[in-house]
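By written order: A, B, C, D, E and F. Residues from 1 in each chain.
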Amino acid sequence: MHIRLINPNTTPAMTERMGACATRVAAPGTRIRAVQPADGPVSIEGHFDEALAAVGVLDEIRRGEEEGRNGGAGVDAYVIACFGDPGLLAARELTAAPVIGIAEAAFHLATLISTRFSVVTTLGRTVVIAEHLLRAYGFEHHCRKVRAAEIPVLDLEEDADGAFACIAAECRRARDEDGAGAIVLGCGGMADLVDRLRAETGIPVVEGVGAAVKLAEALHGLGLGTSKHGDLAFPRAKAYAGRFSYFGA
Amino acid sequence: MHIRLINPNTTPAMTERMGACATRVAAPGTRIRAVQPADGPVSIEGHFDEALAAVGVLDEIRRGEEEGRNGGAGVDAYVIACFGDPGLLAARELTAAPVIGIAEAAFHLATLISTRFSVVTTLGRTVVIAEHLLRAYGFEHHCRKVRAAEIPVLDLEEDADGAFACIAAECRRARDEDGAGAIVLGCGGMADLVDRLRAETGIPVVEGVGAAVKLAEALHGLGLGTSKHGDLAFPRAKAYAGRFSYFGA
Amino acid sequence: MHIRLINPNTTPAMTERMGACATRVAAPGTRIRAVQPADGPVSIEGHFDEALAAVGVLDEIRRGEEEGRNGGAGVDAYVIACFGDPGLLAARELTAAPVIGIAEAAFHLATLISTRFSVVTTLGRTVVIAEHLLRAYGFEHHCRKVRAAEIPVLDLEEDADGAFACIAAECRRARDEDGAGAIVLGCGGMADLVDRLRAETGIPVVEGVGAAVKLAEALHGLGLGTSKHGDLAFPRAKAYAGRFSYFGA
Amino acid sequence: MHIRLINPNTTPAMTERMGACATRVAAPGTRIRAVQPADGPVSIEGHFDEALAAVGVLDEIRRGEEEGRNGGAGVDAYVIACFGDPGLLAARELTAAPVIGIAEAAFHLATLISTRFSVVTTLGRTVVIAEHLLRAYGFEHHCRKVRAAEIPVLDLEEDADGAFACIAAECRRARDEDGAGAIVLGCGGMADLVDRLRAETGIPVVEGVGAAVKLAEALHGLGLGTSKHGDLAFPRAKAYAGRFSYFGA
Amino acid sequence: MHIRLINPNTTPAMTERMGACATRVAAPGTRIRAVQPADGPVSIEGHFDEALAAVGVLDEIRRGEEEGRNGGAGVDAYVIACFGDPGLLAARELTAAPVIGIAEAAFHLATLISTRFSVVTTLGRTVVIAEHLLRAYGFEHHCRKVRAAEIPVLDLEEDADGAFACIAAECRRARDEDGAGAIVLGCGGMADLVDRLRAETGIPVVEGVGAAVKLAEALHGLGLGTSKHGDLAFPRAKAYAGRFSYFGA
Amino acid sequence: MHIRLINPNTTPAMTERMGACATRVAAPGTRIRAVQPADGPVSIEGHFDEALAAVGVLDEIRRGEEEGRNGGAGVDAYVIACFGDPGLLAARELTAAPVIGIAEAAFHLATLISTRFSVVTTLGRTVVIAEHLLRAYGFEHHCRKVRAAEIPVLDLEEDADGAFACIAAECRRARDEDGAGAIVLGCGGMADLVDRLRAETGIPVVEGVGAAVKLAEALHGLGLGTSKHGDLAFPRAKAYAGRFSYFGA
């Protein structure tokens, strides 16, 4: 199958790194194509960044769908690789393929292997975003606490060692103070830390990029795609003004 | 005070009509400026339309803030005049002024005059959007039911009489079958139906455009604006790629 | 418009002080009349005080309605100026005008300018009362914590400086430890501290007296009053025994 | 033990009838004294009636406590025999004895014998009151539906046969349409219908007067009374103005 | 009446001790028969122990029902005396008599005498079990915290003094740090500590064995038993394979 | 990988059929071994059946773990193939491998492809079981309704055509009356109906056996297993009496 992994931010190094993580866990028959939009924030650290990034996500879904229609390799599933799951429901309207966000993916899998998990995210200002998602998805009672390591997203690129130390410290607190049975990493950029953090903490650490890839494979394997009945049906045909006119009927 | 009323869709007739509704209820000292983005959907009828419309909202917030900085009439509050409150939290990051969505506004006021209300919205596919908002805002227990009149948004412009009849019928059902004490109209385009619907049903009918204007006046009158501590602080300075570069540092 | 601000306790100094706060924020056309019942507790610090105070509230609603019927200045809206919102739903039955409690008012406005707030109240024994209201109104997920400064209500009159210091300290903790984006003051008697506390904390501080006045103006401006359909309809005509006979048919 | 059964309304026939029901189920060593306040509504059919009735409840609690202090038969537990549980938490502040409301009592017992129950109450305008209690107490998920037979409370006295037919019809609907495993009767005045309704429906029917008596016996038998630590501690000593001065310090 | 008190574990000393506690609080006409299954864990300290213990509970319910059918003393109510309420709903299917778990019993009574309680249980690994029950039963908002004294269940037998000290310390923390108005003891084996802990803390301490006995008496006194309409009806007649064949039709 | 698919009931035809369904969707490298306990109900249609079936599940987990220890093919993941997920948390204590219930699996996947689903189950008496799980897992807000086709489980074997007609009718109602975007089949025995029901309804139909297999593969592919920190740690070493002694230390 063909999974289009969309990094909603525009930092190529992160796209590449998340693509590598995805490829590492993908099943033999799965091909990962990691892409990023041309337009949008270099990192996503708040509601505003997410709103802009959502458009980039939609552009990449549209591109994926068009490639299929144009005789290219059709996309079998999409992954939105930012922990806020920006544009998730909007993206689902654009395709009959599954679309999986990495936050939801990590939450789902974490509840299958523990009764209580904690989230370790980057900046304090994104804690509320994770809390909103937990509640919207139904996982608020499974989560002990959302913890911030107070690391800007791009420090994961630029100060990898310092970032790791802070994240590992929060993970240990999650285990010892929250009594969490598992940890969910709250940023796509942490995807390649998962092995070291498992070694560090001795408990399961779930990161969303891999989780989303495996859930996409799962749905594809079952012949399941996004429902086209109800609010996730394809958008109604209509005009879009100005620079969004290419989305129009 | 100066309220910038943002119609998130790009249909001028709706902008005008909502602007007129807003002006009608505004306090003597309140000036309403109704605007619409250059880019985006002509009507908003789903998650996808909302995601695109959010960018238009952010553009209009940015424009409002710039006008103030450039010696123009500073904006004292913003209203997002689409019932899905697209881009609400993102918009709040961009300004220290209050930003009010018309869905939240209508819900808040409806709970002050009734213990149970029902929502009457346009298309069935937007019911889930309203339900998501009710739950996110905390009003799910105050709402008996979200009802769809199955009218496309632009029919409110083009087939006003037919639309009114359908909406009035749902409002009566809300009162009689749901036992709703009040009705919330689930689309900014219904703003000018409120008087006729009150006459028709004999119970309070709340529409969000007016509600948002009055809440904006309320906050302004108390010297309250969007908190800049935490997740609603101004966005971190960073680069935005491509066509969103103008948002960048 | 004419707002009858009801102080549910019987301490004239508080009535006066809250009346002054209300007047300060009222719109030009709004006339505030601050009243207090003849009967009831000198301060409200628990469920018992609230139950008695509710009767005083109902007496003042009744008086307001009668004045209107007798050719006096009709009351356009009522404010119940005690943070427990005593007698709120009962009061709404007695009038078609809006009735706003200061706790609900403060909660509503706080959610419009922040995603998370904390409450700072007087005595620890009232924490549960605030928690009950948060849950009943739907705001439990928006509130990080209800904090008590452990100050008896009347100390706000008698030891203003000491009280301010304790309250300010709790407000700082709410900001720093809870990560609250805004603070709700949990007692009508704190209404005149709001400016100093904003200066002290640098974040929005919401007090309910002003909030309720502005919400009353908002509803009045929209022609909205208490629903008379359902549980808030006027009480059924019946006899009331003994000292409550004047409420009877 | 000595249970003071407080009918919060002022209709002696209901006091008597509920007293008889209580006596019928009381344990051998339990003495029931059914009382009613001198002041208040003849029937309780809304928030307003409840607010006034709460004062009558508090008067009767106070009288019970005083009798004990004056060498009379101390009261071991109180029952508040109106389905809205008026004044419940306030009443608990006034005594270290248990105080049980008949709504809570019926809900508690219904969950012990079924996984889903429905409530059958009198007038539609009291449905919201029952829903509020279910949510406040934590039983909203155990209740399928609150149904109104649309019978005024005093019709239970005056048109017993007509009332019974309506109530029985709603009980059958609760069993057949809601799939309720048990029925909770939503009015103290229905207490003596319980046997006939069990026969009629073939499923458990719970009425609160008996339920509250048995719960009072249960707590008394365990040496448990109202906690005096926290919000249910005795009211702080203070002055009460006017006609409530007798409650003062 | 005849209550069959089922200790779901197989430690006779605990059966005896809980039986004694039950007898101490039972009403004059109540006969307690404390039993334990032949098969199962010696103590219950996790989900696995509970799943096995549930079968023992069902065996004891079946035995109780058979004794009645065979002319023995019919059982009027059952108590499941382990704080996880193992097998509760399954047990209810097997009988028309009431079946009460000690966790639910303690929670129910604690909410009648306080607005907030904390639970003090044995091992940290059982905290999640108590939290699951609180949420399933509807009491999550009444509980401040579930605290573990980190004592294995059998230490209550073998190191009574050490265990008491740890439990008392947690109870004091519940009162002082959580602001709990009452304490629920989270293990049947703590039943005989209740008096000393009340003396130690000065607030109500609720243990489930006594609570369940009194609730069983309450239901019996009202003629209420487990609903046989819906999911708690007797099991459908069918074959059970292997060592469970004796349950079969 | 090696998945041990445990049919908790003792009907070989169902084991075989579910095993075939599992094999059909399994990835190339996945080997399914479908087993059933020697002891337990021939079908699972209530709380009682589930409690007994849980022991069979635990036996099969234990057997799987032993085979691995004895040099046999170690089990990489377990599936519990009954829609009530009997013994799920208990089973997780016994192994470090993932254990997936088919109800949770179906719920998880349904939320990834729709915003609202309905469940179609067998008998009305199991509706409450599904509702309990939805709430415990956090999916209550994603589910519109749990519908019963009123078919005994074994009719799926014995009257396949009649059963299919009833189930299909309920699925259509779920789509048309509930507005469900997807359907979850509420019984493992329906696993092989999924293709026909998709064709019949035109919307996604999710059945748990396949869903659980794919989730097991997903977790395994990520190196994730059941957390051994906290309540899911291996059971404490202790004695088990009687016929359960083989579980003991």
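Keep in mind that, in the parts below, a contact is a pair of C-beta atoms (placed from the backbone, for glycine too) under 8 Å apart; a residue touches a chain by one contact, two chains touch by 3 or more.
Bear in mind the structure is a predicted one, so any value in this text is a computation, not a measurement.
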item: Which listed pair, A-B, A-C or B-F, duplicates the contacts of C-D in over half of its pairs; value: A-B
item: Same-site or different-site touching of chain E by its copy chain F, using the half cut; value: same
item: Between chain B and its twin chain F, rotation from the CA superposition, multiple of 5 degrees; value: 120
item: Chain whose mean Cα position lies farthest from chain C; value: F
item: Chain centre separation in whole Å, for chain C relative to chain B (CA means); value: 27
item: Intercentroid distance (Cα basis), chain F paired with chain D, Å; value: 44
item: Separation of chain C from chain F, taking each centre as the mean of its C-alpha atoms, in whole Å; value: 52
item: For chain F, residues that touch 2 or more chains besides their own; value: 89, 92, 115-116, 124, 127-128, 132, 135, 141, 179, 230-232
item: Chain-level touch network, classified as line, ring, star, complete or other; value: other
item: Pairwise chain contacts under the document criterion; value: A-B, A-C, A-E, A-F, B-C, B-D, B-F, C-D, C-E, D-E, D-F, E-F
item: Chain E residues within the chain A interface of the complex; value: 124, 127-128, 132, 135
item: List of chain B residues in touch with chain C within their complex; value: 25, 27-29, 89, 92, 98, 100, 104, 108-109, 111-116, 137-142, 175, 179-182, 198, 202-204, 206, 210-211, 214-215, 217-219, 221-232
item: Contacting residues of chain D [partner chain F, same complex]; value: 115-116, 141, 179
item: Residue ranges of chain D touching chain C (in the complex, touch as defined); value: 10, 37-43, 45-52, 54-55, 58, 87, 89-90, 92-94, 124-129, 132, 135-136, 152, 230-233, 235-236, 238-244, 247
